[in-house]
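A, B, C and D are the chain letters, set down in written order, and residue numbers restart from 1 in every chain.
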Amino acid sequence: MSLNVGVREVDGVTIVDLAGRITLGDASSGKLRETVREILGKGAKKVILNLGDVSYIDSSGLGELVSTYTTASNQGAKVKLLNVQKKVQDLLQITKLYTVFDTFDNEADAVLSFS
Amino acid sequence: MADPRSLELKLESKVDSVDAAELIVQGLAREAGHPEDEIDHLGMAVRESMVNAVTHGNGYSAEKWVYFSARVEKDGGLRVGIRDEGEGFEPRGVPDPTAPENLLKTSGRGLLLMRALVDEFSVERAEPRGMQVTMFKKGPGAKRG
Amino acid sequence: MADPRSLELKLESKVDSVDAAELIVQGLAREAGHPEDEIDHLGMAVRESMVNAVTHGNGYSAEKWVYFSARVEKDGGLRVGIRDEGEGFEPRGVPDPTAPENLLKTSGRGLLLMRALVDEFSVERAEPRGMQVTMFKKGPGAKRG
Amino acid sequence: MSLNVGVREVDGVTIVDLAGRITLGDASSGKLRETVREILGKGAKKVILNLGDVSYIDSSGLGELVSTYTTASNQGAKVKLLNVQKKVQDLLQITKLYTVFDTFDNEADAVLSFS
């Protein structure tokens, strides 16, 4: 149960590609948190979390997403979500977190939304 | 028609037990003919409840057990029980995580998810201590209410 | 590519633990993309081994545990370990159940089935007591040997 | 995890219809054994076990089939198998029990084979 994290940049926007599960008790949460801290440390202000390959998330994982959001906000940065799978979308709905996150189905739209 | 079957396990207070309970319930639901998205939902609800029992309830203690039970009924309905040996808590005292002032908290969404993901849900103090969670997912043929 | 994951459980010496181990392994194999008939075979082998640990090994004793472990590798290969706390036995001393003089016996086919149903199998005395069974089923992409 | 057992007669042959699982630890094994004892007690000499709806069997279950066979033989009766599913057939193969049991895919053929 691991989370793979990759980072790339497109037109001044930092895209974090996530693949796997974000749940309690594995190294996954730590990895996401650390990556985002690093990115923000380098001065990134526009961040997209690509959840296209995140098949599973639990309430701890949702907490991690929120933590990413608030950490970024505190440093004047913005976090948006890309390619949220139906299963995860359902959880954002139930928890009303969809009111917190801008979400996109298309990478180009997500990148453009920052300008 | 599903084969009625049931099992009861005494599980250690650790994350592996969470995974085990989730896999077991998913397997029983699949056997009983539940559709894939319902299997996922039930699995998630069981996961959240097991996490609470292991962490908040038993505090990962090697001296405390999680009592897990699952029963498949004739029509495929699936009842799951999860009991811990912790201090217990007052469910009505848990703040609504969807209230605007709580929306940016990094925890507190487990009970909300459990309630939303199964057809029946209850959480109450157990004897002699701890909490008892019971959830029920209707059989695949049952009309959704 | 499968998500590598693993779990270790301490299970009671009863039939419910047999069902639990079988459901867990089937779930992991399904997640790792094994085909249905291979999932069945692995589940059966695990069932036979758990039955031996619970009955012959631990004699249903409430004081003895079955130590169960499962590990999914990157390529979907699945390794299962089952250890009991019984007296142990000498595997080479077990009569061949397919020999004509044993064909009508009502038991003694478990080890034969386990060996036939997985890709690698071993059973040996464990420390400080009991038997350790290890089985391995190749990942769904691996060439069958 | 239950086994359902039904009994009927066709042209002097007793057919036992089994549905479910035959494994250790549930009531299933007892049920099969008891039914066969009853049938033999009533003087049946030609018995067919219809395994068409038996989805799962373990080594204890195989032991039950063998026990049925030998109990019958001891009373001068014969037991044959009908509609053995692939999964169960594989186990009969591995254990060489296919050399003990006559098996049929067709009820009429199975019934005729006794005459």
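Just so it is clear, a residue touches a chain if its C-beta (ideal position, glycine included) is under 8 Å from a C-beta of that chain, and two chains touch if they have at least 3 such contacts.
It should be emphasised that the depicted structure is a prediction, and the values quoted were computed from it without experimental measurement.
Asks: Could you tell me which pair, B-D or A-B, is linked by more C-beta pairs in contact?
Replies: Most contacts of the two pairs: A-B.
Asks: Report the inter-centroid distance (CA atoms only) between chain A and chain D in whole Å.
Replies: Chain A and chain D have C-alpha centres separated by 58 Å.
Asks: Can you give the whole-Å distance between the Cα centres of chain B and chain C?
Replies: Distance between chain centres, rounded to whole Å: 28 Å.
Asks: Take the average of all CA coordinates in chain B, do the same for chain D, and state the distance between these two points in whole angstrom.
Replies: Each chain's C-alpha centroid was found; their separation is 40 Å.
Asks: If a residue has to touch 2 or more other chains to count, which residues of chain D qualify?
Replies: 1
Asks: Quick check: what residues of chain B touch more than one other chain, meaning two or more?
Replies: Those would be 5, 19.
Asks: Make each chain a node and each touching pair an edge, then name the shape: line, ring, star, complete, other.
Replies: It is other, because the touches fit no line, ring, star or complete pattern.
Asks: Could you run through all the chain pairs that touch each other?
Replies: A-B, A-C, B-C, B-D, C-D
Asks: How about chain B: which of its residues touch chain D in the complex?
Replies: Interface residues on chain B, with respect to chain D: 3-5.
Asks: Contact residues on chain B for chain A in the complex?
Replies: Going through chain B, the ones touching chain A are 15, 18-19, 37, 40, 44, 47-48, 51, 55, 97-98, 103-107, 109-110, 112-113, 116-117.
Asks: Enumerate the contact residues on chain C facing chain B in the complex.
Replies: Spelled out, the residues of chain C in touch with chain B are 5, 7-12, 16-17, 19-20, 23-24, 26-28.
Asks: With touch defined as at the start, can you tell me which chain D residues reach chain B in the complex?
Replies: 1-2, 20-21
Asks: Which of the residues in chain A come into contact with chain B in the complex?
Replies: Counting only chain A, the residues touching chain B are 1, 23-26, 58-60, 62-64, 66-67, 69-70, 87, 91, 94-97, 99-100.
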